[in-house]
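So that you can tell them apart, the chains are marked A, B, C, D and E in the order they are listed, and the count of residues begins at 1 in each.
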Amino acid sequence: MPHDALLEEPPGATTHPENDDLRSLEAGLDRLQTDADRAPNAWRRFTTSVVPPIVFVLALIAAWQLYVVITQPRPDLAPGPLEVAAAIGGAWESGRLQLAVATSLERGVLGFLIAVVVGTPLGLLLAEVKPLRRAIGPIISGLQVLPSVAWVPAAIIWFGLTDATVYFVVLMGAVPSIVNGLISGVDQVPPQLRRVGTVLGAGPGRLATLVVLPAALPGYVAGLKQGWAFSWRSLMAAEIIAVGGTIGFGLGSMLDQSRELADLAGVLATILVILAIGILIELVVFAPLERRMLRRRGLLQGGAR
Amino acid sequence: MSSQTADHTAIRIERLGKRFGAGPLVLDDVNLSIEAGEFVCLLGASGCGKSTLLNLIAGLDRPTAGTIDVPTQGAAVMFQESALMPWLTARQNVELALRLRGVPRAARRGGALELLDTVNLADAAEKRPHELSGGMRQRVALARALAQDRPVLLMDEPFAALDAITRDLLHEELERVWRRTGRTIVFVTHNVREAARLGQRVVLMSSRPGRVAGEWRIAETEGRRIESPEVAALSIEITTQLRKEIRRNAA
Amino acid sequence: APQAAAGRAAEASAGTGPADELRLGYFANVTHAPALVGLEEGLFADALGDTKLTTQVFNAGPAAIEALSAGAIDATYIGPNPSINTFIQSAGQSAHIVAGAAIGGAALVVRDGIDSPADLEGTTLATPQLGNTQDVALRSWLASEGFATDTTGGGDVHITPTENAQTLTLFQQGGLDGAWLPEPWVSRLLADGGRGAHVLVDEADLWHVGAFPTTVLLVRAEFLAEHPETVRALLEGHVASVAWLDDHADEAPAAINAALEAETGKPLANEVISRALEHVTFSVDPHAETFETLVANGLEAGTQKDGSIDGLFDLRLLNELLEEDGTEPVSAGGLGEE
Amino acid sequence: MPHDALLEEPPGATTHPENDDLRSLEAGLDRLQTDADRAPNAWRRFTTSVVPPIVFVLALIAAWQLYVVITQPRPDLAPGPLEVAAAIGGAWESGRLQLAVATSLERGVLGFLIAVVVGTPLGLLLAEVKPLRRAIGPIISGLQVLPSVAWVPAAIIWFGLTDATVYFVVLMGAVPSIVNGLISGVDQVPPQLRRVGTVLGAGPGRLATLVVLPAALPGYVAGLKQGWAFSWRSLMAAEIIAVGGTIGFGLGSMLDQSRELADLAGVLATILVILAIGILIELVVFAPLERRMLRRRGLLQGGAR
Amino acid sequence: MSSQTADHTAIRIERLGKRFGAGPLVLDDVNLSIEAGEFVCLLGASGCGKSTLLNLIAGLDRPTAGTIDVPTQGAAVMFQESALMPWLTARQNVELALRLRGVPRAARRGGALELLDTVNLADAAEKRPHELSGGMRQRVALARALAQDRPVLLMDEPFAALDAITRDLLHEELERVWRRTGRTIVFVTHNVREAARLGQRVVLMSSRPGRVAGEWRIAETEGRRIESPEVAALSIEITTQLRKEIRRNAA
């Protein structure tokens, strides 16, 4: 039966009154059942979700400054916001801040990318090959429980104070997250979608590429996001603990240095930078990625958050 | 799957039995033959094995005993949940079916739009599933099933999750498509009136194990509405039988 | 035994010629003055000729050992206990001591009110690092005084291995009652610690000759086997450096301080560095005969595994040089080649 | 209208044939629509989910031992499983292992409990008071991104090398998790349940205690579980970095000590102990709690996992 | 809420208007009065404001214009999803309603079991919601609503998510409960036949904004079945009107 024959209307069918009736009825119902798109009000979103935290942080800083001005505490135990700002400025001027941020970011991003390259095929393999998964899955989940900071001493013994140590720790932190994210993403693919794929005539290969992988994307992205968080955490741990040797100067090293100089303003400044980078990466890289994907799938919850 | 069947028989099921693993027998000695172009409604209480039977016909599962003959081209299937790919638009969902059928890229877009127009959804072609109402989603699923261009269409409670007004409309839509395309349709449902409204033949299944417990044929199906007196009369008859089957399980 | 094999290899094959690069580790510390001066005065560079010299500064022995084990450096100035440790842990395959560098310069500094060992009951004392030379010395001395200690900070006297800079702060704040430290920290604690800081025990008094090793020169076993010429050149520089320190006693404080300032950003106070140098002697003799005692002490203190240190020393190259100079060869104390 | 009057059957109603008919029909349908409980097959679960990972681990250990026996690597760079076992045994005999485990567990548990006590009211407050949530919520989420290891240097300056440092770091690690868990738990309470509560006549107080809190329990428990994981991670980081002073001897200190003694067998032994404790706490405390709660709510997925 | 209404009127709605925030008018000038003991079905297409109206009657929301008079004791409500507390058993769910009504602890257990028996669920009292089928859950929800002991029962598409067989049974069950307890019931539905099957009065609402667009009264309701010819006849009439309302929105 050729395709076109199936769709061919009997002559005059489109003008058949009963059919027209049905069409107008369906159109009316469709109109009633779909809400007009409400344009998200950017200004409102800004005032309700961006302004309050900023105001709160500013108030916090003001209170802190006030406290410092009034009680005049020992500056080495309670530096004021101005001193912390000065510490950031100083580090910037001397170029140490840029160097540290560049080094840490490079390591974090590179380590994360390696983790993605390692974790993705591993995750796919575990998700699709049942016996492997039974055997290795629990071990990977277990590794996720292990604080990656615990790997630092072992890595130092193996690789000395070199960048290999840092990358090893980052990998041990990020890979289990990514693998588990991908596995749970594949698990959450509704079995119905696989069956539809089969019914539509997809073989295993096209089923995987056209159905399973796109369907598992939300879990995978969530895993990537968490993997990044773990990369960043592990990196900081490694940098703080493993200082010296041929290890470059990252944010963790900067933190440790400030601590050795008993420079609390410098410590707090570095913490703020680390926090800012973490939030920034999340806002700039993962949040839009996730939001776009969820919006396309209609999984985004109402903007109450 | 299996060999091409004789001239007018689209699907022939013989002495079919099915059990899952070591569980109880789900289907037992089911015999049924469905003619090409026939519209058969499979009716039964929850858990009586309707979906199992449909999956066997679709080739998604293998029987424990007996044989099923279906056309070599296979069957298209529609499920209760539209099961559209949530990351594709309505058009892309239909195009996916065309692509997996082997339609060349250039012809897909036009084909998909034509099929969507068939179900009166040309305007919604670029919307994603979550932007569509339940009824619209099922119409996209219908268009997708039509895109497969198979002589048999299997439908597993496709309208059960819809509201009554939409369901009534989709009954008319489905009947129109059936008349125009001449498909063989096997339609699974709980709803006695729906079965009496749509089918040329209604097959009632018993529960635990599933067997054919009764059959009704409707001579004249043109111009039927769900409120028609013939539908009501048939419904009463089937309902009585169905309730008898259900009561059997009370003890 | 593997170490014997390595030794033989060094002897027989004469390696693969001079290395392109020598990576040397040391601490920015007074007891590592031969390294500081050798670098400052260009003595190593002169001796090494075409071989490029790169350096790495460490804060503590373990980090230097880790770098050595990972092949990130080829030789390092380090305390004897970490050297013993890596040798035993690796079953003699990791590294060999090729020369001594410094002697003496460690002491137990305590606060006011502790005037005899008996007063130490219940106090908290710091050492630079678990299992390092001073840590082991403190533990074995306390044991000889009848105090029980353990590596978890329990016992009659609580030993808490703490970074030197932290130790100074904690001592000032009253969190510590004393510390067994190397120079210049002994002098710094005496100068800046306050709280009546004074020396209770000078480690020099504990050894029959007053000579006990504080710093030695340790070379990676593979490097020694492959590039004996380079190690020989390094030793030339080292010997010259020690000699320089002997000959320039008046210039030494300034030279060392300049090197320290370059490394850490802060020079030592004059009285600190001169007092420190008074207590440290620089010598190429590793005093191998004391090592069996060091091992015994480490074992007793629980900071070390049991194992043989036979083959720890490879003093052949050093003795060749000393012979050329016409000086007395040094002894390996029966623990390796001499 | 008194309650009983409503339920009073007209005399003879129970024997009314039509009603009996309805009853038997309903009973038949109920029977058909509920599956008989399938007893979870403990033996099968054991063979499919417990045996494979154990076999895999044993195979891994055997391969490792084989490798060590055949290639005879330097024992300080690649100790064999026997040496690692010996290290555990040695630490046990000297009592260091028990001391370290007891110290770390005590700190971890105590820190976690403090975090629960701090985080729970904070989370409830933020979940229920919208303006507060808008202002503080993003900050708390941001803190969750900050590696808690970054707090270690600051804590050392503030509290010196004392236990307060450790507890501070643990709190900074765990509190944001618990708060966010509780908030998302409350967010996920279906609005329908609140409305039912209101319709049934519950005031705000009883609505919170009888409806919202029990409904938010799954999110809360998930938050607690994650909070524990963060407590444990942060604790290890703090213990590894902050050694000396009056800080007691925990697993992190043991790890650091082994590293300082270049004792890789000891390092690996300690990593194994840390991993074992992490998995054990999860298996013994959180997994049953979560499983019981999810099973009671029918949220537990089929045993395929 | 508002004042006790005159003798026989349970609910009186006058010139009711409702809009959400700055959105369009959802309900406009709705007038309706419902007598005590009456069974009223509110029928309308999706989104026409049925739920909004019901929530206003239940006091879950406030009107923008007009007044609503309901009995001082208030109303019990049943939703489309049973909305049982998933962590409580069927009995405990009913007991919760009794507890919030102020029934002393000792009397609760007995009362709950009695109510569950009313809906033929005495055997399932100790099961949790997820162990019950959809129909059983709605019967628990009905028992819970009865436990509130309010003269008015508001039901928002309570059977829409159920399969047809279960729905037919619940119609009979609900009718039995209504006849026995004499409640005033306002029943919202999409389903023309359901409305014609259950109501003494069917109120058709128009969409955008919601208004009363038509009303039908059924004189004799005893012994009706959904397949009855009177139900079919009424259904055809209402459907025609409803489709006219829907078509109005096509343009």
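We take it that contacts are C-beta pairs under 8 Å (C-beta built on N, C-alpha and C of every residue); 3 or more make two chains touch, one makes a residue touch a chain.
A quick map from chain label to UniProt name: A, D = Sulfate ABC transporter permease; B, E = ABC transporter ATP-binding protein.
Since we're looking at a predicted model, the values are computed, not measured.
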| item | value |
| --- | --- |
| Where chain A and chain B overlap in contact partners, by chain label | D, E |
| Distance-maximising chain from chain B - centres being C-alpha averages | C |
| From chain E, the most remote chain by mean C-alpha position | C |
| Top chain pair, ranked by number of contacting C-beta pairs | A-D |
| Centre-to-centre distance between chain D and chain B (centres being mean Cα positions), rounded to whole Å | 46 |
| Chain centre separation (chain C, chain E; CA means) in Å | 88 |
| Averaged-CA centre spacing for the pair chain C and chain A, given as whole angstrom | 47 |
| Chain D, residues touching no fewer than two other chains | 25, 27, 29, 33, 76-77, 259, 262, 264 |
| Where chain B touches two or more other chains, by residue | 45-46, 133, 165-166, 246 |
| Junction residues of chain C - those touching two or more other chains | 66, 69 |
| Pairs of chains, among all present, that meet the touch criterion | A-B, A-C, A-D, A-E, B-D, B-E, C-D, D-E |
| In the complex with chain A, residue positions of chain E that touch it | 45-48, 207-208, 243, 246-250 |
| Residue ranges of chain A in contact with chain C within the complex | 156-162, 243-246, 260, 262 |
| Chain D partner contacts - residues on chain A that touch it in the complex | 48-49, 52-53, 55-57, 76-77, 131, 134-139, 142-143, 145-154, 156-158, 187, 229, 232-233, 235-237, 240-241, 252, 255-256, 258-259, 262, 264, 267-268, 270-271, 274-275, 278-279, 282, 304-305 |
| Contacting residues of chain B [partner chain E, same complex] | 45-46, 133, 160-161, 163-166, 168, 189-194, 225-229, 232-233, 235-236, 239, 242, 246 |
| Chain D to chain E touching residues, read off their complex | 1, 3, 6-7, 9-10, 13, 19, 22-23, 25-27, 29-30, 33-34, 190, 192-193, 195-202, 206, 210-211, 214-215, 217, 293, 296-299 |
